[in-house]
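Down below is the structure, laid out as structure tokens.
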Amino acid sequence: MSDQIQPVLSIPELHDFLAREFPQVTGEFEVTEVAPSRLKVRLVPADKHLRPGGTVSGPTLFSLADCAVYLAIIAHVGEEALAVTTNASIDFMRKPVADRDLVADVRLLKLGRGLAVGDVGITSAESDALVARATLTYSRPRG
Amino acid sequence: MSDQIQPVLSIPELHDFLAREFPQVTGEFEVTEVAPSRLKVRLVPADKHLRPGGTVSGPTLFSLADCAVYLAIIAHVGEEALAVTTNASIDFMRKPVADRDLVADVRLLKLGRGLAVGDVGITSAESDALVARATLTYSRPRG
Amino acid sequence: MSDQIQPVLSIPELHDFLAREFPQVTGEFEVTEVAPSRLKVRLVPADKHLRPGGTVSGPTLFSLADCAVYLAIIAHVGEEALAVTTNASIDFMRKPVADRDLVADVRLLKLGRGLAVGDVGITSAESDALVARATLTYSRPRG
Amino acid sequence: MSDQIQPVLSIPELHDFLAREFPQVTGEFEVTEVAPSRLKVRLVPADKHLRPGGTVSGPTLFSLADCAVYLAIIAHVGEEALAVTTNASIDFMRKPVADRDLVADVRLLKLGRGLAVGDVGITSAESDALVARATLTYSRPRG
């Protein structure tokens, strides 16, 4: 009756995957929740992510959105040969709260054999106001 | 604490507005719910909306998304000199269920003095599976 | 050396295709040019496309962009089982000139076995100023 | 007759601006051409931009697109209080050629008092095949 998809990887398994495949972002991204068709990632902003004024840059928000949807797909299909981003649209709504972590909340909208689509809302930790939202499409390799 | 915005127009007022400003779509779009930062519109597909196979065309889904977000803005700011769409991104996820109405569920993400942004999910009536999603940005005229 | 793709259908063949598959838009869309990786379509706005003030509506511009890219794909791969739009982004830059035809100029950016991507600029006839631009992705059925 | 906008800053002035405002990317981005409504930027990929397999990551391509359009705006309006990205859509078409610089070619589509829109195509140096394309909208502060 529901379209929810059950995850197949746990948070520790996802962290192992990240450390192995994306060592350059280890310690930046932390998966905090995995649920049917959902996943949450937290980013602790470092100096390199900041713009003058202490706010996080657009490319950092894009990077968080891209990584979060990618992890959501992996969490629900298992590790698979590289899915690649084919398209992304992102809207920037308001500045992040200074000195706060960023939280990306992903909802998988489609997990087809060819394409996967995820929607992601980004907020400052402990805030409901959206900093940015994005939708990303990934092309999945055919076995 | 919350970022929810209270609506200022009722459903009958929105239907009056539609009939007056968009007589060509009267009878096609029906506002079914207005709530803080939210609005729902129902489209009863007519012959002209259909593609071979009885499914609703992409442009019809775009038109529904565009109109629904526009109505959501009007519902929350009142009738105002023409806001214009500046940008839209839309993802088509799956075919609508044949012979069912379509429901557009709008969430206003931003209602600034210059720009308004709305997110909309479209489903077939009585189904949870997203047919399409879109985000639209409107530029509001400066008084 | 070049990435240009040669078209396989002529303008009359495309008009036959349109008349057969999309009888509801016959007489509205006219293909005026087919070239390697390119195609141009002209729309003669009818009353139903107009907004108050005599300008063409956003959904009409979307419909023109969607149809133009679809025709560009068909022109370069031949008639094939239904390719479906998976994603579109569209930017509206300025109002069309009143009482002028609209011209959609498509460039195919990718024509892969799985996905096709087209970019389209829309101008008022005899003007260089972009009214709108869009990028659309189509998923091609696997044989 | 033309909608082309004349640039007001030279390449050395743009490099000064970059070094002053974005010291963290100095040496990565090089403006190679400024022309009416146009600007080209070259990125020399460093280790931190690479994905396994030696290809450049999606976020790096986004960062290049975002920076290139921003520089194009500054080149045509002069240094101004921070314009902010409000929306971006990006399509990834094919992998960059390994060990080649990336070239971003920007065309300004609109430079209004409120919003500026730029279109950008990204290729590997000495190649015509698009690696990615993007359209970005910036909101310009009101004086």
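Here the chain labels run A, B, C and D in written order, and each chain numbers its own residues starting at 1.
Heads up, the rule we're going with is that a residue touches a chain if its C-beta (ideal position, glycine included) is under 8 Å from a C-beta of that chain, and two chains touch if they have at least 3 such contacts.
Remember, it's a predicted structure, so these values are computed and weren't measured experimentally.
Among the other chains, A has the CA centre that is most remote from the centre of chain C. Across A-B and B-C, it is B-C that has more C-beta pairs touching. We define each chain's centre as the mean of its Cα atoms; on that basis chain A and chain B are separated by 27 Å.
The centroid of the Cα atoms in chain A and the matching centroid in chain C are 33 Å apart.
Centroids built from CA atoms put chain C at 24 Å from chain B. Residue positions of chain C with contacts to 2 or more other chains are 86-87, 89, 91, 137.
Residues 2-3, 89, 91, 93-94, 109-110, 117, 119, 128-130, 133, 135, 137 of chain B are the ones that touch chain A when the two sit in their complex. Residues of chain A that touch chain C in their complex: 86-87, 89, 114-115, 137, 139. Within the complex formed with chain C, the chain B residues making contact are 21, 24, 48, 52, 58-59, 62-63, 66, 84-92.
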